[in-house]
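Should a chain be cited, it is by its letter among A, B, C and D, assigned in written order, with residues numbered from 1 in that chain.
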Amino acid sequence: MAYKDEKLHEEKVFKDPVHRYVHVRDRVIWDLVGTPEFQRLRRVRQLGTSYLTFHGAEHSRFNHSLGVYEIVRRIIENFENRPYWNHEERLLCLTAALLHDLGHGPFSHSFEKVFKLDHEDYTRAIILGDTKVNAILRKVEESFPQKVADVINKTYENKLVVSLISSQIDADRMDYLQRDAYFTGVSYGHFDMERILRVMRPMEDQVVVKESGMHAVEDYIMSRYQMYWQVYFHPVTRSAEVILTKILHRAKELYENDYTFFLEPYHFTSFFKGEADLEAYLKLDEAVTLYYFQIWREEEDPILSDLCDRFVNRHLFKYVEFNPNLHMSEWMELHQLFQKAGIDPEYYLVVDSSSDLPYDFYRPGEDGERLPIHLLQPNNELKELSRKSEIVEAISGKKRTDHKLYFPKDLIEGLSNRSKTKKRIMEILYG
Amino acid sequence: MAYKDEKLHEEKVFKDPVHRYVHVRDRVIWDLVGTPEFQRLRRVRQLGTSYLTFHGAEHSRFNHSLGVYEIVRRIIENFENRPYWNHEERLLCLTAALLHDLGHGPFSHSFEKVFKLDHEDYTRAIILGDTKVNAILRKVEESFPQKVADVINKTYENKLVVSLISSQIDADRMDYLQRDAYFTGVSYGHFDMERILRVMRPMEDQVVVKESGMHAVEDYIMSRYQMYWQVYFHPVTRSAEVILTKILHRAKELYENDYTFFLEPYHFTSFFKGEADLEAYLKLDEAVTLYYFQIWREEEDPILSDLCDRFVNRHLFKYVEFNPNLHMSEWMELHQLFQKAGIDPEYYLVVDSSSDLPYDFYRPGEDGERLPIHLLQPNNELKELSRKSEIVEAISGKKRTDHKLYFPKDLIEGLSNRSKTKKRIMEILYG
Amino acid sequence: MAYKDEKLHEEKVFKDPVHRYVHVRDRVIWDLVGTPEFQRLRRVRQLGTSYLTFHGAEHSRFNHSLGVYEIVRRIIENFENRPYWNHEERLLCLTAALLHDLGHGPFSHSFEKVFKLDHEDYTRAIILGDTKVNAILRKVEESFPQKVADVINKTYENKLVVSLISSQIDADRMDYLQRDAYFTGVSYGHFDMERILRVMRPMEDQVVVKESGMHAVEDYIMSRYQMYWQVYFHPVTRSAEVILTKILHRAKELYENDYTFFLEPYHFTSFFKGEADLEAYLKLDEAVTLYYFQIWREEEDPILSDLCDRFVNRHLFKYVEFNPNLHMSEWMELHQLFQKAGIDPEYYLVVDSSSDLPYDFYRPGEDGERLPIHLLQPNNELKELSRKSEIVEAISGKKRTDHKLYFPKDLIEGLSNRSKTKKRIMEILYG
Amino acid sequence: MAYKDEKLHEEKVFKDPVHRYVHVRDRVIWDLVGTPEFQRLRRVRQLGTSYLTFHGAEHSRFNHSLGVYEIVRRIIENFENRPYWNHEERLLCLTAALLHDLGHGPFSHSFEKVFKLDHEDYTRAIILGDTKVNAILRKVEESFPQKVADVINKTYENKLVVSLISSQIDADRMDYLQRDAYFTGVSYGHFDMERILRVMRPMEDQVVVKESGMHAVEDYIMSRYQMYWQVYFHPVTRSAEVILTKILHRAKELYENDYTFFLEPYHFTSFFKGEADLEAYLKLDEAVTLYYFQIWREEEDPILSDLCDRFVNRHLFKYVEFNPNLHMSEWMELHQLFQKAGIDPEYYLVVDSSSDLPYDFYRPGEDGERLPIHLLQPNNELKELSRKSEIVEAISGKKRTDHKLYFPKDLIEGLSNRSKTKKRIMEILYG
């Protein structure tokens, strides 16, 4: 029997708190899960620094990747024998679902920003490069790695397949909303996925949803909205993220200035130089990162050591709302006051902004543009969701942005009480 | 106001997936949570290697410690104004609950075995030594650190206080059963804690349970039984534990034989020498441990590098039931066959045994002896649980033991098919 | 000890699937639950005919009343020792919460429409009249029954007390959303009540919510929106309601026309005459109503017997969307076609409309006007919810209305296929 | 297409709180659900009088019947293409599952006892008699009704089919344990059904369970044990049952003695005479029964009226443990004391016993004997559960019995305090 058609002797399952069980029948999927590249996802947390806000959020991307696979498996089980659905695409869908986050590194948000990387490039590199994953995919078919990469890259020609893992209501989002809600323990993030799966239908170039399931979809969109503002953009998480970013910046700067580290940070050097290859990338997981943060607490450089201490011991920055229309003069003054107080504003006075677009019907030309959700009406015509749902229409296209200013309140408070600098800083910050 | 009586301006909460919210009012508790020693528990997984079996089990001891605190908080809230309860012990109970696991290190089971340590000694050392935790406790009262240590050590004179965190139905067990069930996703581990808390009553030297709550207690004991055999003693977890133990053994052996590591394992050296002090201990968390395992994969020593590779990439040993009455001759033969095949039996042929006593009414003189559970009858007399509950009586005192033999099946299978050694090994193992 | 201060020797609890336990300490509450008038609520379903759509929705108003009591109990436990809160109002709040639905009859929606009754009048009558409930309330204080009635009637002078059980985020709504979601099994209706309770604060004339809890409140409002459209206004439930209404109409009409019933419907006669007193009202529960529907299936009148058969055996009407701007001529034609086909349009062609206002900040002069929700800002000022929440603002004041036309499709289909009447009816209905 | 093979155009679902959705594809199943005989199950509560103890337990047998159908559907979906499984039996299994409780009447336990009926006879009668259900079954195949009756009657030749709905781990039990736990809200009754379904395998004459699922089965058996003692045999429920039984006894006795009822109890007369036919039986649901109880509260007979009042207003009997070895003389004395006090002991002094056998491996010759559970071992041999599971062995065959004495404490307390009779009664009852 061809490798691509091989079934396990007995179905295997993973016990999963969110989907109860993740079911695997295909030899290919089983083999992929066993690769070092996939196992590495166990060492990368799904929500980065969120565990410092929600102590339950310690789950890994391994967790989530299996979940996305399982959702896609259930969706297409339901697609068999329906028009537009090509059974031949089944294994491709399952594989792309399983591997879609393969290139994520530790705390990717900050890493990518500081080192100008894109985890999607690494996902592709792992799939197409000299890896165990690639070897397995090639056993399926010589062109299979490329197909998987194309699906994840959204360039695969059959857009129906693409839409399963990247649209405004794809398996990726459905898994992470539920999973992150489960592990953080918040009460948002629940929606009737079973119903949504039941009403999903394959169409020519996308998955659509029968109109009768519209309310379940509305509920999903509201969940997403709440998760963004309650969990993903939580200011304490962002404070940790700010510090993490500044640690990486500082270490890079020190390296560039020939600072002598107590221990050569050789896992990082290729990143500092901007020439990280796949091998270096794959070695860098959260344990390694945290190891360096731990030992950097004892570095001589006071900024690096302080920031690492803050991160490791969760001694984070405080924040105030930041008005982006603040007079430049006031902002400049704050900067100068920090400098005067001996607190380097480049590392200790940080504006961070978050924004989310809960649902959009069309964002032509935008990066990361995703297909709108279409409802399949009883007359077999499609209608874009926000034209039927008042709730969705109400929030559609409304980008909400939130700006916060992060700083070490403890350091400011530690200034002498007679200091005018302290007084003025507090005045500007707290009014 | 005395520090010990200080309340936070507004109650603080931690969102907790198991207890919904963990509530903190006392300044002392809040300050303790903020110490580096307590934050360190975020870097130690509650279930050690279980995440390699149950992918959801990635939660930390930080999680669990807050949970035990919360349960004790709820129990004693209900004790106020009851006979035998001394309100003055309240803060001591809360503190001991919060800190009871403070000395746990990474993968403590294996660590303690290999390096002959006891996490309880470290808990005491952190509480009594030169730490932030100690500084806070001393602010409460000079003798407070010793009291907390005594409660955790079960030597505190008021046994009622001790029984809250160590008895056969204490806050520790009630938290971990529910928490581990939640994160692994198994359906065991559920019992009606709210009911148990409602029927707990303080007595002279222990917490007892009103007879009307007996069935809820039975359910708790059955949960415990199931969790032990389904989760804690899962053979795949034990396989990972076996490998982990062997890694530490090997590294120690190499160190003792003056092997030159590519990178000096200086976080480990004091452990190898048997002279680890508190400072060294506190620096050793899971990130650090996993960092070394990562880099040791590239060590020259083939055993260390192979074992680390197995652990990191979850390429574990397989197992068969092991009959402890196996003829010595057969066991010797197996040993020799492994040697012959070039597979060092000291590291690659391991017997591991697990055993559990689901409930015992009395184990005089035994290590870790715990008080039996007493029911408070309507006539105010106490009766030991197994005398009222048939189910508990049925399993009471029945120690169940399970022996398994772990080995690298892949290496055996990799031997030449014509090899007699291979054939004979397979014969002994699989009959 | 005064009756109003009497506590039960031991706290009593009711096992409740929604709130886990309902706790009772006050003798007054315990005694009220035991009255025949309160026990009667066990014989009135909370959701009327919804069980014909959602088979789990068989729960009674007894259930819900205990739930509202429990929520108020938790809210005010949290109010103790806060400004604006008067501990003396505690028992009044608990009692009003428990009794607020006391006057509900079987299938009240239809009953009240047909017989021009108002269950609120009956609630008052039970509280103030010659009942066991009244006797208990008078034992508290001579003026206590009137106070309880005033709170339920929203005329009580302390509006803070009133707002606990009737505002846009009162204990009544919080209970029924969760309870109805639980029993129907839908995934809507969940929100973080524990958080909302934690952030509720008493103010001069209303309960307000701390701004930090805004998202939990948004979630509650979305739950409400979804429950209305997914559960309460479900077209199949409304179909059953339409039939029920028509049964009552027909029975009344027959009675007024001196029709001789096989069994004198003496439980109904005072209603038919429009002179139902409290005693008659209290005897009429769902069992009695369904008993008559059962026996009326065998009445000679074909309409009464057919409608009862439909209700009892769940042989409901079908429906189409109804355009309220339909040309009068078309509607007239449909009417005439039904008559021609021998299907009395008065009973078999029914328009039913539902509408809901998910949240309104101000509806001056309207019936049932409810206070908007106010957020308590860090600066202690109040701000109306929709001014802070984009989501709420988006749906605020937007009344959605849905019109459907109900009819017995089976009877139409039963007409001869050659009948022009049938063809034309189907044409108008289905286009 | 043959009727038996007809599929619905689109799958229909029922929203179910326990199984999330109940899925129907077969026309036959859909048609059966729509029959008056099946709809009647909506008017019979699953747990009889338990709602008077657990207010959530108001769910009907309609609920449960759909649940059993759904579980069988999932089991056999998993059986397709396995040895021993005959796809031709599929519809028979589903139908028997759906209809297995069809003959249950209101409060069947008491009814059957008083009127010497057996609901299983009525199930058969409905399936084989002149009913809508029978008409549908005959459309499948002339012999189909008999086959369905045989399966339910356990006489069907293919014992594998029988074991799906009656064995010690059948779909019936798996549904009711979970459902009753859900609606009462107790924390027992949970077990990992999904896992059990996954490890069920068809064998020649029974469904067996793979050994790897043993712990899930243990958990199910413990759930069952707890549900029996915590819910099904709850003394308050039994008190209501005692009163109900006595009401029926009294009404029968009055009827036999030519008592003139205010309203002829014509729904009951054929039962009183012992000649109830199917038509009479089908008309008697809980609404009708409760209707009579309501009106009998105003009957002249003081016993009937008092008992009905107690039932309707939940003014139940109290109880004490009853020692079945009580000296006859003491029992006789109690009897006489009641008579002396004017409290008819036949109706007001009742011993009720409950007993349960949690699991038995073999009960030859016993009524209702059920097959033991067999584990399928890796070597394909079967082993009876209690030989592998220590827990199950421990409780196997242990019948626990509980005797209680029920009486109207209020009436005793109402006797004059100087009465010696009162004093002596209390002495005997409470010692």
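Odds and ends about this structure:
Methods note: a residue touches a chain if its C-beta (ideal position, glycine included) is under 8 Å from a C-beta of that chain, and two chains touch if they have at least 3 such contacts.
Quick caveat, the model's predicted, so the values are computed rather than measured.
Using the contact threshold fixed earlier, the set of chains in contact with both chain C and chain D is A, B.
The minimal number of chain-to-chain contact steps leading from chain B to chain D is 1. Bringing chain A onto chain D by least-squares fit of CA atoms involves turning it by 180°, to the nearest 5. With centres defined by CA atoms alone, the chain at the far end from chain C is B. The interface with the greater count of contacting C-beta pairs, when A-C is set against B-C, is A-C.
For the pair chain B and chain C, the distance between mean C-alpha positions equals 52 Å. Remark: chain A and chain B have CA centroids separated by 32 Å (rounded to whole angstrom). Chain A and chain C have Cα centroids separated by 44 Å. The set of chain A residues touching two or more other chains comprises 20, 186, 195. Only residues 13, 20-21, 194-195, 198 of chain C touch chain B when the two sit together in their complex. Across the complex, chain B is touched by residues 186-188, 190-192, 195, 215-216, 218-219, 222, 225-226, 229-230, 390-391, 394-395, 398, 400 of chain D. Partner chain B is touched in their complex by these residues of chain A: 14-18, 20, 34, 36, 39, 42-43, 51-52, 54-56, 58-60, 62-63, 66, 182-186, 283, 285-291, 294, 312-315.
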